[in-house]
Amino acid sequence: MGKNKTELLSTEVRHLDIKKFDFVTLIDQMQDTAFQARNLARAAKIYEQMLTDQNCGVILCLAGSLVSAGLKKVILDLIDNNMVDAIVSTGANIVDQDFFEGLGFKHYQGSPHLDDTQLREMAIDRIYDTLIDEDQLRICDDTICQIADSLPPRAYSSREFISEMGKYLEKHGKNKDSIVLRAYQKSIPVFVPAFSDCSAGFGLVMHQVAKPDSHVSIDSVKDFRELTQLKIHAGDTGLLMIGGGVPKNFAQDVVVAAELLGAEVPMHKYAIQITVADERDGALSGSTLREACSWGKVSVVHEQMVFCEATIALPLIAGYAYGKGSWQSRQARSYSSLFTSKQRELA
Amino acid sequence: MGKNKTELLSTEVRHLDIKKFDFVTLIDQMQDTAFQARNLARAAKIYEQMLTDQNCGVILCLAGSLVSAGLKKVILDLIDNNMVDAIVSTGANIVDQDFFEGLGFKHYQGSPHLDDTQLREMAIDRIYDTLIDEDQLRICDDTICQIADSLPPRAYSSREFISEMGKYLEKHGKNKDSIVLRAYQKSIPVFVPAFSDCSAGFGLVMHQVAKPDSHVSIDSVKDFRELTQLKIHAGDTGLLMIGGGVPKNFAQDVVVAAELLGAEVPMHKYAIQITVADERDGALSGSTLREACSWGKVSVVHEQMVFCEATIALPLIAGYAYGKGSWQSRQARSYSSLFTSKQRELA
Amino acid sequence: MGKNKTELLSTEVRHLDIKKFDFVTLIDQMQDTAFQARNLARAAKIYEQMLTDQNCGVILCLAGSLVSAGLKKVILDLIDNNMVDAIVSTGANIVDQDFFEGLGFKHYQGSPHLDDTQLREMAIDRIYDTLIDEDQLRICDDTICQIADSLPPRAYSSREFISEMGKYLEKHGKNKDSIVLRAYQKSIPVFVPAFSDCSAGFGLVMHQVAKPDSHVSIDSVKDFRELTQLKIHAGDTGLLMIGGGVPKNFAQDVVVAAELLGAEVPMHKYAIQITVADERDGALSGSTLREACSWGKVSVVHEQMVFCEATIALPLIAGYAYGKGSWQSRQARSYSSLFTSKQRELA
Amino acid sequence: MGKNKTELLSTEVRHLDIKKFDFVTLIDQMQDTAFQARNLARAAKIYEQMLTDQNCGVILCLAGSLVSAGLKKVILDLIDNNMVDAIVSTGANIVDQDFFEGLGFKHYQGSPHLDDTQLREMAIDRIYDTLIDEDQLRICDDTICQIADSLPPRAYSSREFISEMGKYLEKHGKNKDSIVLRAYQKSIPVFVPAFSDCSAGFGLVMHQVAKPDSHVSIDSVKDFRELTQLKIHAGDTGLLMIGGGVPKNFAQDVVVAAELLGAEVPMHKYAIQITVADERDGALSGSTLREACSWGKVSVVHEQMVFCEATIALPLIAGYAYGKGSWQSRQARSYSSLFTSKQRELA
């Protein structure tokens, strides 16, 4: 490669801004074509329907490396403009990437053809064509440990802990463009059901090892309980899913969980998923939304899979919905408040 | 479809038995061909190397719907014959599918072309071409709830809870061919880092809602702590990964976690992954094992991706290693004992 | 389905117009993100480089069902604005879809979930989510037969025959938006190396069976000879490839063919490919452009694969190059004239 | 890389021998599992049905780099044991790979991670993880040119020319394990509808340029005519398709072509395809066999897609059919004789 660490980490990933284009005309035209362009247009229009449906809460599911890939501002625009009411994510997006950037760190443009053994020696971590300074990631781990150290020892949902991370960034953050921060400020709950499977896990392991007898623990059942409570409260819901994995499964499952608790809730009324996976391996990530209907999770009336990589598809879908402007008359749900005032009722 | 529930649920999925074939000759021949056959042969031989390496602990990672797809007996043969020392899995495999079968229930052969709305009305759940009786799945959820009800309220790792599930099956199970049961009996720890993201979540939510003040919680940090402890104890390790997702990430991450705790541990010395995902979307599931090297998780010396669906690839790889017979002189690690005797030392 | 043929064939596919949108800002922003958005931006910029390079002839390769999918106008804009100098395509795009539309027929929006047995009974042909009136396709076959009947019997290259199809449309066509027509009028040669593998094959088989002793034949060697001649004449060349298959292979191969004829020609200087295929099966369609370098066909300096379905990716790439406007000062190559005046020199 | 050409070309690809393994038990077990293992088993059984159906002619379609990947002996076993009656292929398999090996040359094991620029300098061509000596490939091109030089100048179908290649190998070949040779000897016609799109193209271009006024040409319409004639003669037919591309389309199309010529022929009664492509891009290679039914080409009663790379799937499917042994009572069709004796009747 012939480049040193400073040279390799010189070109930042910049976050795409959907507010600078007119995606409405483009999507309207794609609607009349075929294949994935038509699927993408159909998905964009279903998302727009979710936003115009006054009774519908919107749950955004995030899997894959979206924040490091330059999609953070897209997600921030959804948050800022009342286009999303709850978030279910992998830990990588929320902690390693978003909280990490909130601490003032950056992601850098690289190449999939770099020599990984040499990167290892330079303490540079690679995600496909994106590079991270591993030393900075260790600071992110440590910060999680510090936050845990500062909290009363008990079982937390990931949502509660992420809320604390938002509070931390409000005081100590160096970059206000953070999903964790902005969601905290707008009372949008963020769930990471596999919370220890990321930088948060490193920080919390250090915390628990240092405090063996009394420490913060993360109860993923509590997450499930809270998201179910949210579904019961919300009634009609729509899913905007980027990638599959745990967030997709978790968010779909709450319909069944609510039923088990005796609540009569509708299936997710709207559901769209952006993915490159397909159904052939029987795994959840590529399973069709029609299959989810057999499980009683998703209605088949307004569902659409879009087989396209997210860095291309999400800006177009989100940009269309932004451009249509119906978010302007949409109310913020502030679902986080559910878990302070009403938590005791259900729990 | 024109079939009723009994007709649709009439042909069982049966579990493939690798002990009935000579896969050694086949793999030896595939070794000299090309493309995925050669990759598969190379992976099989790396797995065999793990087993002959006396100092290497083998971690099996399971993602996707493997048990319902007829691969349970393959995994049981690995357990029974000291070919695997720890398991990291999605909840679906361990609870919804394996524990479910341990309770005496079955999976059924269906088709991806069935009408999901009609399946929903009959309470039949579909996974690609496989069918499940939803009423039986509710019994599985309830059983998890009962197990939780019977335990002292505190924070458990998923490993601890799954161990209790093994104990339950030993007493009340109706099918001895169970990964949960057999791993329990052989002291092989089973981790499910996103434990509430499956039938276990349903049972545990019911448990917690019924016992709001004092209940079992699942601390995923404790899982991470325990698996890290296992890595520190094991020294050299090899990963046999089916699919990607949380199990892949979680198992790879323990190398870094061990370093953060001050332990000097080697990267995973061997790593193979069976998947149909690819690297193009930057997501973890399809990320190359070389990329994992940049993160200091996996050595590039003995690594191999196999791009093939698991129902075809796993029997060939496992069957080859079984056929070679080096497991006959391999010692059981009984890693579960680490967490009873030595837990206090680290924790 | 419950719909009759008229109802099923009621909503036309409409062709997307790249001139209505500012793709330049979008691509410039995608350039600084990651994954396929960055690959797409890089490809768009390589295409723009081809157009600003005064010495570079641009060869467009078309595989997959692009015209029926609503991408015809994109391709027409490339033709009209001197953004492409030669075309190598599958027969489906040129005959079944473009010539078919030139005759006044349309493609219709459908769904991948329709019942194919019922479609068969109604004589409706399906391509994923697009529908075709089979009776109209038979008229297309017949027209090819009539054109063949009108020509002097001898061996033709596909280019020669397609040129005759352009002449036919000029006189008898009912829709001036046709690649075959417009390429004919602008002296842009169109090659279909597997010419009988489409509606043209049906028409020509009828022609030959009716005239067993003296008829038109299609010599694919002549195609290869002509495209090689074009490469020798053009010198520097760039490939804009949509999909893989025969067009990709054929266009790459001319570099080697030229060398075998004793001409010193450079490898293709620029090459981009839009595809969803990957390299794992060792097939040509997904083979990397770096692999093509080992064969001496493509330079690795300016090459980019974009892993995205073409209905989404092509408008963005073509729209960027259109928006940059360097085509305004670019000269038409009129390569078709090579084969009238200079043919004898080489042949 | 640090290796020279001799070192890089030192380990031969060896051809897998299906006769050494009991695939019947394996496939019977896969039949009761799920996902692609069950699809593969179903495909194997459909192929076996084709062979037991006394009235069914079997057409083998070959796309992708199968011969260089070590699958040649599998195909030879199908030929030798009356398990295939006609072949439709890409040129790469038949000329660059099989005829090439017939001349005594070999393919070598390499790696997808080699440096293509260095390979280019050493005149080594790469196909994923397989290497070819480019100097030997030039000899293959030249041999095609010599064969063309020796033939009376006229329009040939690819089948006729490939038959001449078989004759050549019978006299001058250095390796009797050749599809071209063995098919010639068994009167099994081999069609390559895009014949100039391979090493044959190079040789024939040299031939035509050297003999501008009177030369061999390859009429792909004649191929289509002949294959249609074969279909009319055969009546019931089954397709065993490896990969997609031109061979898949061409072989499917003959049903329609036969109808256009006034013959009443059944759709292909059986059809199986091994591929890693999927339907999402609307291209032919991954289009479902159900979609082909809407075109009137393939019956949906006995059809199966297998989503698996061919080096793994083909040995299992072919090995199962071989192991079942019904080929022992199957008659050779010797379809090549159709084109000598009966050609005039239709043409």
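For clarity, chains are labelled A, B, C and D in written order, and residue numbers in each chain start from 1.
As a working rule, a residue touches a chain if its C-beta (ideal position, glycine included) is under 8 Å from a C-beta of that chain, and two chains touch if they have at least 3 such contacts.
In UniProt terms, the chains line up like this: A, B, C, D = Deoxyhypusine synthase-like protein.
Not measured: the values here are computed from a predicted model.
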{"item": "Those chains which touch subunit D and also touch subunit B", "value": "A, C"}
{"item": "Identity of the chain that, by mean CA position, is farthest from subunit D", "value": "A"}
{"item": "Inter-chain centre distance, subunit A versus subunit B - centres from mean C-alpha coordinates, in Å", "value": "25"}
{"item": "Chain centre separation (subunit A, subunit D; CA means) in Å", "value": "47"}
{"item": "Where subunit B touches two or more other chains, by residue", "value": "34-36, 65, 68-69, 127-130, 276, 278, 280-282, 307, 309-311"}
{"item": "Partner subunit C, residues of subunit B touching it in the complex", "value": "34-36, 278, 280-282, 307"}
{"item": "Of subunit D, residues touching subunit C in the complex", "value": "63-65, 68-69, 92, 112, 114, 116-117, 119-120, 124-130, 134, 138, 141, 155, 193-198, 201-202, 204-209, 212, 216-225, 228, 243, 245-246, 249-250, 253, 256-257, 260-261, 276-285, 287, 290-291, 293-296, 300, 309-311, 344, 346-347"}
{"item": "In the complex with subunit B, residue positions of subunit D that touch it", "value": "11-17, 20-22, 25-26, 29-30, 32-40, 65, 68-71, 107, 109, 127-130, 276, 307-313, 315-316"}
